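What follows is a group of structures, each given as structure tokens.
Note that chain A is present in both complexes that follow, paired respectively with chain B and with chain C.
What follows is the complex of A and B.
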């Protein structure tokens, strides 16, 4: 089996397991909608302050629901004992990382596909913003899931487990979150591409750095 | 007393003497910067001699820790794990000092304890990241796994250091850049003369020595405490 097929096998395993129960994606979705709603109460969103708050609300919803998915990602493997199966499988550890990360990205994108239109409707945004927003969301998700998958594999071996994941992950992914929020704000304000260039390069650079580091370091996390 | 213990003792003595000299220099010899108007500003400016070296020690400690973490993952020798942990503990202590002294200075110069601007924000994130490191280690029982995960997290956490360092040079921020050129929005910066610069370098040197003194002391206690754990285990299962 080629390397890519092995990676795909893990992605397909995760997706089909999720399709049978639908417990993770559904709770992620409901949770992210709840976050948007809670912000609505908490900040009393009105037409005059909507534009300044909207990017933050969107990314907090994505980050919090993504965190739910990430923390489950390796806990299910550990609790069902299938993590040994993964480790015994004749493939490189990095293939496990890629497969798991792709799975996490897919779950998060599935949520984003639903909450983005909801977001556009609730905040009364123009439909023309959809495409650039989707691009930013995918880039932000890759950075988030890259280092998130690595940490998720680490925290299953700790006593606090899912409690520890946000504590470790949020400070580390702030460069990704920050540039994604700034880019989202720039899109909503209709700024020209040239003004977004800095944040876009920062986002892409951190995606690449986090991915490369996590890819290399994953070997040490799965060493048993 | 082994020879390494003697070196530690010498290092601590030298760092202690230099620190007393540094305090004397900062409060007795250092001139007031010429461009600061009010006496409060002139007095609080002196925090600079301790604030900047504290951050420098923090960054140095995290750099040493990241190097030790990489070496631990490559060689698997416990020595590097001990150095990494000790260095991060010291670094976290010093950036805490840096945050507190910065806050005191900001109160008298910016008229606020804290403001959400890039330098302060990245500093707070750095603090949280390394606090997370200690929490991660505390939550793992298996010693080798604790060391391995610690090293992995330490390498990723190290990304926050260059961001933090460059924050005042990349973004428009009100935090002054005394060494090099900063953002035009910076408030509370001051002109440096040869005496100020010399005393500042003296403080940097003192704090660096203090770091190495604390590091050798902390590494020693960590080794001893691990040794005690080992002996305890042996006694229990005999």
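What follows is the complex of A and C.
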């Protein structure tokens, strides 16, 4: 219980700090909305190609806006020196990973709650798609934020950290992105659950693998 | 309370600490003086579990740094020139966050006590970014003492403070650090090192080059030893 209380304390701290400034979430939100809008107008979408392009547009918006949040996750701690306060606390350092990851997932999900209805309206999708899409978005976000939090901690001591994070992270999260895009396409095409099973299993498996690896490796990453 | 044996720390092929042997007894105040780059902060970071030693053994409050790092952290409080505070949170939110990390029972009472002790009660709802550097450093002391650690590590805590703020900080540390605290402080200010410590040690060339108890030492003698070991004169 003590461990979970500490994880929760880190989440509450990150959310409280963000509520005071609203810098990160507002940037992520504006960026993701712009991506959806720009793609919507740039492709001059016709009814027959909307469903082909929509899944990719949605996940590009989620991945790139999520990257904005992830890149700030540890940089803020490092630049203000407060990361040492976390490292000094009498707890297993995996609690820091878990707290920061949950915070990142929360911020990304908050953005997704807003962009999903916009996405459905702009791409003329059915409101019935909202629920299954939300489920896929949460699963994809967990995988993305899990490994992203680890990489964010890894690059924080480097000079070109803002540039390095996407360069390192995007190749690694390809399986998550691929599964999430395929599942989103399947939902928009109205395919039955049985036909999505393989991609869904793959997404859940990668979420589990990425989370377990990041959880285990975090302590090594935080050592100098 | 702090036992250091054969401590070596190297960054790549560059050795910083070349074999430190040092003891700080329970209730003792040891000041470690040395020039910039002598490795004072590196030594503090190792004792605080923020950095891994290359070789050697460190024990704090009976706990080995390598085997019981969590217990070591529970027994230390660190005040450095970095405040380890969150600018966007209020003083109260900062201390509440650290109280949760340290599993403090009845945290609100303890937070009020600490804020009153450092003279920041009344500013508890203000964001830390609105505080002066002196106020932030006082809050950093409240943070470090919040869980009442038996071992205090003070790593040049007055860096960046003006004369008035330094005087207030010194007065506060004097009040806050009681006989029950074991204190290890680093400074490059010989006068302050001598005024504060029960014992003064000089860190030079990656080793403890000299140490003496205060009654046996005056500022001229310390300066002579410092010149001998640091500047070679």
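Everything that follows uses one rule, which is that the second predicted complex is superposed on the first by the 221 of 224 C-alpha atoms of A that agree within 3 Å, B and C clash if a C-alpha of one lies under 4 Å from a C-alpha of the other, contacts with A are read in each partner's own complex, and residues count from 1 in each chain.
Everything below uses one rule, namely that a contact is a pair of C-beta atoms (placed from the backbone, for glycine too) under 8 Å apart; a residue touches a chain by one contact, two chains touch by 3 or more.
No experiment lies behind these values; they were computed from the predicted model shown.
Looking at the shared chain after the overlay, A:157 reaches chain B, while chain C stays out of its contact range.
Residue contacts after overlaying the shared chain place A:223 against chain B and chain C alike. Using the contact criterion defined above for the overlaid structures, shared-chain residue A:175 touches chain B, although it does not reach chain C.
Once chain A of one complex is fitted onto chain A of the other, the partner contacts of A:20 are limited to chain C, with no touch recorded for chain B.
On chain A, the surface patch touched by chain B in one complex and by chain C in the other comprises residues 223. Taken in their complex, chain C has these residues touching chain A: 48-52, 70-71, 73-74, 76, 78, 80, 82-89, 93, 97-98, 100-103, 127, 143.
Within the complex, the chain B residues that touch chain A are 73, 125-126, 128-129, 132, 135-136, 139-142, 145, 148-149, 151-153, 155-157, 159-160, 163. Residues 147, 150-151, 154-155, 157-160, 164, 167-168, 170-172, 174-175, 209-210, 213-214, 217, 220-221, 223 of chain A are the ones that touch chain B when the two sit in their complex.
Contact residues on chain A toward chain C in their complex (touch as defined above): 2, 5-6, 8-9, 12-13, 16-17, 20-21, 80-82, 84-92, 223-224.
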